[in-house]
Structures are given as C-alpha cells and as structure tokens.
Amino acid sequence: MLSDRKDIMLKWCGLLCAAGSVLVLLSVYMFIAGESLPLWRELGLSLLFGGEWQPLDNPPRFGLLIMLVSTLWSALGAMVIAAPLGICCGIFLAEYAPGWLSAVIRTVLYILTGIPSVVYGFLGASVIVPWYERVFGVPSGESLFCASLVLAVMVVPYIVSGTYAAFRSIPAAYREAGYVLGVSQLYITAKVLAPLAGRHMVSAVTLAFGRAAGETMAVLMLAGNTLTLPLSWFSKGEPLSALIALEIGTATVGSPQYQALFAAGVVLLFFVSSINFSMYYFNNRGRN
Amino acid sequence: MINIREFSAFYADKQVLHSVTAAFSRTDITAIIGPSGCGKTTLLKSINRTAELVPGFRASGSIVLDNQDVYCVGEPAAVRRQAGMVLQKPVALPLSIRENILFGPKYYGVNNKDELEQVVTATLTQVGLWNEVRDKLHSPARELSGGQLQRLSIGRSLAVHPKVLLLDEPCSSLDIKSTRLIEALLLELSARLTIIIVTHNLAQARRVAGQTIFMSEGRIIETGATAQLLEQPQDPLTQEFLTF
Amino acid sequence: MINIREFSAFYADKQVLHSVTAAFSRTDITAIIGPSGCGKTTLLKSINRTAELVPGFRASGSIVLDNQDVYCVGEPAAVRRQAGMVLQKPVALPLSIRENILFGPKYYGVNNKDELEQVVTATLTQVGLWNEVRDKLHSPARELSGGQLQRLSIGRSLAVHPKVLLLDEPCSSLDIKSTRLIEALLLELSARLTIIIVTHNLAQARRVAGQTIFMSEGRIIETGATAQLLEQPQDPLTQEFLTF
Amino acid sequence: MGRICLWGSGLAVIAVLLAIMGLLLARGGGALSWEFLTAAPKGLILGTEGGIYPAILGTVSLVAVASLAAAIPALLTAIYLVEYGKTSTVAHGINFVIQAMIGIPSILTGLFGYAFFVVTLGFGISLLSGGLTLAIMILPTLVVLMRDALQAVNDEYRLVGASLGVSRRYLLQRVILPIASPHLLSAVLLAMGYAAGATAPIMVTAAVVMSRGSIDLFSPVMALPFHLYILFSQHISLDRAYGTALVLVLILLALNLLSFYLRSRYGKRVTSHD
Amino acid sequence: GCGSSAPTANQPQPAKDFSIKIGGSSTLAPVVAKAADDFTEKYKTWKKVKDAFADDPIAIFVATGGSGFGVKAATNGTVDIGLVSRVVKEEEKQKLPNHKLHTVGYDALTIAVHPQNPVVKVKPNLTKDEVKRIFSGEIKTWKQLDASLPDRTIVVAIRDLGGGASQAFDEAVMKGTPIAKEAIQMPSMGALAGKVQDNVDAVGYVSTGLVDQNKGKIAVLSVDGFEPTNENIVSGKYSISRPLILITKAQADEREQQFSNYLLSDTGLKLLEEMGFVPVKAK
C-alpha cells in the first residue's frame, strides 16, 4: 500500500477548502468594491472628500469626508487611551505582577474580549454618556470621545496580550545581563526590554487601531451620528461603520445611496486592510 | 575577599547547595569545576544575589564580601554592583557598543559627557576591544563576534567598578583565539579583583587559576592549588571526575 | 546493505553534510560519533528520508539501500518503512502499549485478529518486554519507564519488518541497566538487520559496533573498525576529539 | 512613579471587568427570572414585559448554522496548512489571506452577506443569510485557532509516523486529531461565542424586532444582541435591556470559560508526550 | 415569499412557506408587532384561524427600518406587508400596481421636549415659523427663543432620512429648508422619543403615539395655538400630521389576507388607539 487513497483525498479536500476560503475573501472584497463601482466612476474622489451626505435629496449628494474624519477621531482617540494603558498593563503582567495576579488579570482580559460590542455600546450609552453630560455640563453627551472611551476598553486586551507575549518571548539572559550590573528592574525594562519588544508593541497597537476603526455597534450607539464635520474629539460624528449600519437596511438595492454605502465599505476596508497588510509586511521583514 | 560559610541553597524544595564553605582571595583566580548540574552556577549566582531572581530560591548560611554579609544588605542591587558577573552565552544588550559599556555607569549617575567618553575609552582599552571597535562605537553590539561580545560583557561589568568578577563558563562558546584573549585579560585583572571562574575546561583552569574547587552534587569535595588538585586529587570523587 | 555516495545535504542555504561517502554492511552495527552539531542526526534522517520533513531541506548525491536509490523512489513512505528509526528521547504515541506496537502493522493492512495478537506477542518478546508488560497491554504506553519505552519504540519499528534500523543516541537518557538491555537487543538484531547507531558514548560504540565512523562539521573524517579507530585514530581531528 | 503606572494599569483592568459585571448584575439581575428566559416579549409595546425566549432561540440557531457551516471547512483548511501545505507558496498565500480576513470589520462581512446572500442569492433576510454571514466572519479565526492547535501537537509524533512509513492521514486520524481534539473543540466554542455576540452582521442579514413561530432557515429570527440594541435604542425598557445584556454576557462567559478550561486542562497533553 | 431584488410572488413557491413578513415604519411596527403577538397568542395555528388551513403554527416576523424601507420592501417583495407612516408619493404608487394601500389611522408629530424644560411653562405655544427656525438651526439656544429661558444649546433630535416622520415634517413645517446639520439622527421613533426623555435640552418631533406611551416623561408644545389632541388632529387644526398606511398585495395569499383583515378589524384599530394614535374610523 504505497499511496494511501484517503490521504490524497484529504489533501485535496484540504486544499479545496483552503482555496474556498480564499475565494470567499476575494469575493468579499470584490462584492464590496463592485457594488460601489458605478458611483466611484461617476463621482471619483469627490465621493471620498466631499463634505455633504444627503442621500435622499434631489439630486443626492454623497461625500464621505465626515465619516472618514469621524472614524479617525474615534479610533485614534481610542488608541490615545488604550495604548499607554495596554502597554503598561502588558509590561506589568510580564515583568512585575506576581504569578497568580498575572494569571488572574489575563483571565479577566480574556473575559473582556468575550463581551460583545453591543453590550459595550449599551453600557457606554447608558452609563458613560449620562456621566459625561453631568461632568462636563454639555447638553448631549454622545460624542466621538465617548466612543473612543468605550473602544479603548474593547481593544485594550489586544494590546495587553501583544505586549505581554512580546516581553515573555525575550530570553531571560537579557534580564540577567542587566541584573548582574545591579541596576533596577525599571531601568532594565525601559532600556533593554522595551526596545526589544518595541516592534511587537507597535504591531499590537496598530492591529488594535484597525479593530477600533472597524468596530460598529459601540460607535453606532455612542458617536451621536450627526452629519457635521467633527472638528474636535468632543464633537459628534458618524463613523463609516455606523453610517453603513444605520442606512444599509433602508437603502434600495442598486440605488445611488446603496452604492454610496458600499463605497463607504470600500473606504473602511481599504483603511483597515492597509493597516493589516503593512503590519504583515513589517512583521515579516523584521523576521528576516 | 569572599568568605562563604555553611551556605546552603534551595530551589523550592530541592536543595542544590549543601553547607558550602570556601574562601576566595582578592588577588587570585579561583576555578570551580564539577559535573553538570552540581551547583556551580547556583553558587556563583548566590554570591552576587542573582540566584534569588528565581522564584522559590532560598538560602541559609553566610557569604561575606569585604567584611559585609551580602545577605544582610537590604537591597541586592548594591551587592550585584560589587560582584560583576559574566554569563556563559555573551549577551548583547539591544543598544550600541558604546551604550552597552555605559549601561551601568549611566544608571549610577555618570552623565558628564567627557566622563562618559572617558569610561568608554578606558573600559574598551582595558578589555582589548578599543582598536577593534573604535570606528563603530555606535553600531549595535549584536554585530560583534562571540569573542568580542564576551569581552564587551566583561567590560560592561568592569565599567561599574566591581570588586569581584564572577564568570560562568565564559569561553565555552568561543574559539581558541578568543579564549586566550579572555584568559590573558583575566590574569591581568586578577591583580585587583577577586575572580571566580566556572569552567568545564580543565586546561583552562590550569592556565588561569591559582586555586581550584571541585564540586559534586551541591557539595565542595576538594579545594586546593590548581596543579595539586588536578595532578594529585585526594578525594575518590575528584579522581573519578578527572579520569573520566 | 547501504551505500552512501557523495551525499550532501542542506537546510535552506546552510550545508550540513558535505559529500559524505560511506557503506554499511547488512550484518554489522556501525556507530557514528562526532561533536555536537556535526550532522550525525541529519545523516541518519537522510537515509530514511525523514530529513525532508524539515522545510527547506535539500540533498544531492545518492543513498542506495539494497540496490535501490532511496531518493529515486517517488514516495518516501516505502523507504521509511524499510528503514526504521529510533529517536534519542523515546516517544510514546498517545495510545496503549499494544496499539503502539500495532500502529504500523494496522496501517499496512494486518487486521486479522489472531495475526495482530501474534505480532504483539512476537514483537514484545523480541525486545524483551513481554514479561514486563503482558498484564498491561491496554494501559497507555506513556506509563512505561524510559528504558521500557525505548524498547517499545524499537519494537514499534520492528513490527513493520524494516531492513535497516537507525538509532539516534538511543540510550542517552537511560540508566545503565536499560542501556545494557538495549545493547544486547541490538547485537541480537544485528544478525538480520543493518544497524546504524549514533552515540556520544565511546564505550557504547566499543561494546556494540564493528565499524565506527567519525564525523566533524558535516564530513566523514575517518572510518574504521571500532577498536582500531578508537585506539589508533589516524586523523588529527579524530585524535583531538578522542582525547578531549 | 513607573511602578504606580504599572500596578495601576493592571488593577484598572480588573476594575473595568468588575464594574461591567457589577453593573450588569445589579441592574439586570432583577429582570432575570424563569419567565424572562422562557417567555416571548409581551406588553403593550412588546418587550416591556415578558421575556426574551425567541431571541435566545434565534441566537442559538444562528450560532448553530454558523458553526456548522464554518467548522468543517476550517478544520480541513487547517489540516492542509499544517500537514500538507506547510511552507509551500500556496500555504503562505492562504495564511496571508486568512490573516487579512481576520481584520475585516464585521459590518463589512455583514455588507457582503447582505449583497450576496440576501440580495444576489435571494435568501432574503433570514436565518440562513445571517448564519452564513456569521460563518464567514468566524471562519478565519477558526482556521487560525485550529491551525495553531494542530501545530502545537508534538512534532515527534509526526517523525515517528513518518519513520514507520504511514501516511499523514493515518497519523492524523489515530494520533494527532484525538490529541488535539480538546483544543479544536475549544476553538469552536470560542468562535461560537464570537458569533453569538456579533450584532452588526446580523442586523442587516437576519434579525427582526419581532418573530413568532418556529425557526426556519428561510425566515428571519430575533437575536439576543439585536434585541438588546432595540430594547435600549428604542427606549422600550432599560431594565430589560440590562437583563438581556446580562443573559448574553453569561452565555458568552460560559462558552469562553468552557473553551478556556478545555485548553488549560488539556493544554499540556498536546505539547508534551508523557 | 422570501425577499430578493426581484419579486418572487409569481414564482411557484414551495407550498410550505406560510410565514408572513412585515416591515417598515418604526412608528407602526410596534403596533403591528403587538397585533401579531395577540394574533398568534389567540390562534396559535392557522387551522384555528380558519378550518380550511392546514395545522401549521402561525409565523409572523416584524422588522423596522422606516417608512422608506416599508415602501421599497413592499415594492420588491422583501416583505409581504409594508408599513408606511407618511403619504405615499405618486411615483411610488406607480411602482406598486399590484398592491393595495390601507390607511389605518393618523399620527401627529408633536414638538416634544423634556418635562423639566422651562419652555413648557414659559412658552408652551410656538408658531410654525419658530419651529422651523429651531429645526433649521437658526435658533440655537433656548434663550434665543425666549429671553427668560436659559442660555443653553438646543439639542435638535430628528429621524433619519429614511423615516416617514422626517418627510412628513418637511412637508408640514420645513418646506424644503434644510434641517440643521448638528441635528442628531435617531434610527427609530422610539429612539427619538427616548432622546427627548433623556435630555433636558432636547427637542424633537415625536409621534403622538410615543408621547402617549411615555405619559409624563415627555412634554409637548402647541403649534400655532393648537395642542395635538385627537380632535385637533382629526379636524386638521393641528397640521403636522401624517397617515398610517399598510401596503398589502392585491392578490395576497389567504393567510396574509387573514392577518391584514385582523389588523383592519375593530380589534386592530382599537390597539392603534390604545397605543396613542388616531384610528381611521374616528375620522
């Protein structure tokens, strides 16, 4: 029995499924791009940089600038909060926390990643928004800031686990080489370990940024969804994902509005994918 | 000058050093030899208190360094600074060559520019690297060869002015030429430093060490002048080890 | 009967075997000795074509097993079946003792119940395990001791009737008693099998091998009758290795 | 100073979880009752009284469809990547694509599901459309988790198998899959949790505010996360929204912890071969 | 028929899909959802509705999405019954040749504020022009509306553009003047009502139904001197109002027919009234 039939079959089934997955991905890209193509042809870059979104006016006006800027505000804002917190926490877990505490916190983080975004959005909208209104005395609390706050909590676990893994993978010899000189743990962490883990921390933060940019439910419930260009972090805005979620259900299939929503999808996809691809490239190049 | 008395060490419940007693003189090199796992590294790390970085490590007995019991000092950092240690596999900190040397001094507050320059030049000259690396002080230290890196490690320790230098098989991954360079360096340093070297290479012990200690299973079996111990071992365990 | 001619092997870009040429007779045991990393394991794995499981492995030259160049057989499986291999650290497949033995035979289509019983009894008897394990054939193999497990591994290989047995430091993690048992087994098997054993233990080579090969840095430096090679090495490299 | 930051950040994470769980329990615990779990939404405005049973049922069926559709292809893909493709260019390509897919925001998977399943294939807003959309969403995660589970299996088994000349399929069937099975199962549970909590993709492909009658592949369903969204955003009942959130989180917690348990309980079994 | 871009009504359907899919106006959806619940509760299986039917369990699904969605989904067959809470435009009617429109009642859009907003006491009556200026963003703070009111920003809450309310409001009040861009879009009438309940400074056009359902939590202002009472709505004195319409297939299958009859029956209309709307018979 030299060649095992079932073996060959398994191999080809595997390849078929793998190819199928690839096909599905490509069709996700193609569908989203394809459905919006006519509108891109018609409007070109003004679709991307136009500041007006009036899908039901006659003639309708489609510009995604407001959404793009809103996405940037909410996701970048989330990073401003989550990156320092996540990196500190990751370092704490890897280098400082006693074993049991580290295990407890990692379990906690694991649980946090399991909580769905609609619950985060709900809690944000029912707790943080009223709190924000009270503390800052603003008439209406939904804002990109609140969205960032909740997004930060949502993506912090990814940053922590990336940082933690990066520090754990540093050979003990580096720490030892520092300790034998009698310098403090903090000094070693800052001068020796952080540079070694740097690349991985950057990629953890970048990936978290991608997730924050694509997150839907939380921003839908928190960002305020107004059609003004958000000039500050504390303005309201309507991120790309929220726009799609809000309007896709009511848009007539094939109408310009429908195409415009898919165009928003293209922008979001391009945005997130370029982050992921550059990360992939960055990581692979570093490995060689 | 180091005096170890009745020193025992444990990793969690496992005793790896049993009532070790030994003395190391200021102006000599002592070699520690013994089969793998007998506790050589643990003894070395106990002296500069890095053994306690392993969770669960416990020790009893005393190790006196210049009239000061190292286990009575509250903060181990002070002890570690006084007893520099060089590891088996040379470690390049992820910094430039220059910054590797200055890693300790900067922590200890040297920040005058001229002074720093001075430390780099002096240290590198001392370990015989100056001519080899003077043109690439700012390149990453990992670009050095194994032998150069090991000398850099020694230099990194020397830069904080230790009284003792502990070396754990410092040449086991190096070629013969680098080994000889390091041995020469150690002989030179031995005039001012207490040096303890763990080695698997008996010829190396013979070349550098005045005193040799043979350990087995966490105990010191025999101590003596190197030539004496290697040629005419008294203890049957030593004999067996040397003839194997 | 194995003939290796001008065999070179590479892991990606790194050449680890350089034009190796050697012959192994059917009725003898050959020992391969040499410093760590010299390519002993790679040579062994090249013979049964498991080296190519490592991505990036490439080879040139020929290895002829019973008049058949193993690298000209399309499917490596056939070669592997003929050349059984035993690893340094004994591996228990996560199955019962019985199923470990039957792992190969069942794949090759033995499924008659009596026949299977017969394979188990015969194989375990051959490797001297029958009396020790007859009462627990159905317990997991991992419950065996290291020495028993290593014999089980040998039995697992024998159960598919190989022509060659390749052993990679099979006794390095075993106590003396188990080592002796395995050596006796090998001597017995050598009557019908080509056996190649990689070992770090020169005494072991002396005890079991008629022929010994000394390798260094991917090259065969010297080949000869074991006693001859160990007592009167010709090559300076061999001499250095043996006296070290 | 540095130390305070580090400890503070660690404790902050615990505080966040405690706050979330505390809030959900304190405000949602009161709504929990047997009736809440087993009755349909009632009241003049549906949802102000009664329970969330149809939403639980809908979420369970969505998750079932998604994991049925995704698990087998994912396993086969993982087997191909680990056992057959290994470092070939094809495998590299597939790995790359899978990695890229993980990053696709779920709303875009939903957008695709809407355009493809709902509109092009004409499945309509239905359990089938939603389930398949969720399947696409969890597929890459599943592949990666399963790939890692297979990769974690001690390589020596493969060497032993190869040395005996048996095929990979035989080795997989007899050794590798049995030993990796807790991890594979854990991967499926994790993916199920992920699917159960996803809202954006089903919002446009499967979920409705009210459904009565049995579950049917071609009919829409209610779903817990969407029901939560509606209860809150339409101001139907904040108490019940908290209750629904609590139920949802508890279900996911159970799935996640079970998956975590499987992995830590049997984790050693995979990598060491004692 | 399950939804698709092309109407599937005339394709031979497998005989077993008896579910009824309903979708559209978020104002009407809770009413229909409640009615569907009562209907299923009352009959459980179709056989109990009418003996001729098989013994299948009743299956009804209600989605929201706004009046715009209701019209479109009915047009392309995604839903069996479309819900609309505004006037159906002529060009929309032309695309619905095989459908019937049933007006079941009327709803008024009230100018709703938080009960604690001082405007309730200070200025309980606005002119239509004031309303328009508030929603267009011309009047930005309460103080600008009346000097005795606090100097706080008015939070304008509106329905998204797919909603019937936004179109009805445009016709009745804005008449083409664009709504302020700062206005917060809410995806459903419930959400809009919620916003007004939660925020002291908010103003929004909340349907009478939701005002009724949230008694005490929402205060309404009169427009041009008329409160949005049933009489005023019926008489047309309160002018910001809109019809509530069901779109059904002209040749609906018998089960759909049964359910739409139920909606149009006295029981159905009574439910509409209970939920704060003006049922059609009252007019």
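Letters are used for the chains, namely A, B, C, D and E, taken in the order the chains are written, and counting of residues starts over at 1 for each.
FYI, a contact is a pair of C-beta atoms (placed from the backbone, for glycine too) under 8 Å apart; a residue touches a chain by one contact, two chains touch by 3 or more.
The structure presented is a predicted model; accordingly, all values stated were derived computationally and were not measured.
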**Q.** Touching subunit B and also subunit D, the following chains
**A.** A
Q. Which chain is most remote from subunit B in terms of Cα centres?
A. E
Q: Please give the pair of chains with the highest number of C-beta contact pairs.
A: A-D
Q: Could you report, rounded to a multiple of 5°, the rotation needed to superpose subunit B's C-alpha atoms on subunit C?
A: 175
Q: Would you mind checking which chain's C-alpha centre is most distant from the centre of subunit C?
A: E
**Q.** Centroid distance [mean C-alpha coordinates] between subunit B and subunit A, Å
**A.** 49
Q | Computed distance of Cα centres, subunit E from subunit B, in Å | A | 83
**Q.** Inter-centroid spacing, subunit D versus subunit A (mean Cα positions, whole Å)
**A.** 18
Q. In angstrom, rounded to a whole number, how far apart do the mean CA points of subunit C and subunit E lie?
A. 82
(Q) Multi-chain contacts only, two chains or more: what residues does subunit C have there? (A) 77-78, 107
Q) For subunit D, which residues are shared contacts with two or more other chains? A) 119, 167, 170, 233
Q. Using the touch rule from the top of the page, what residues of subunit E touch 2 or more other chains?
A. 5, 187
Q: Within their complex, state which residues of subunit A touch subunit E.
A: 54-56, 130, 133, 139-140, 142, 224-228, 236, 238, 246-247, 249-254
Q | Parts of subunit D lying in touch with subunit C, wherever the complex brings them together | A | 86-87, 154, 156-160, 162-167, 170, 174-175, 178-179, 269, 273-274
Q | Sites on subunit B touched by subunit A in the complex | A | 48, 50, 53, 55, 76-82, 84-87, 89, 91, 93-95, 103-104, 107, 153, 156-157, 160
**Q.** Residues of subunit A that touch subunit B when the two form their complex
**A.** 99, 173-184, 187, 191-192, 195-196
Q: Would you pull the subunit D residues touching subunit E in the complex into a rising list?
A: 40-42, 44-46, 118-120, 122-126, 208-214, 216, 218-220, 233-236
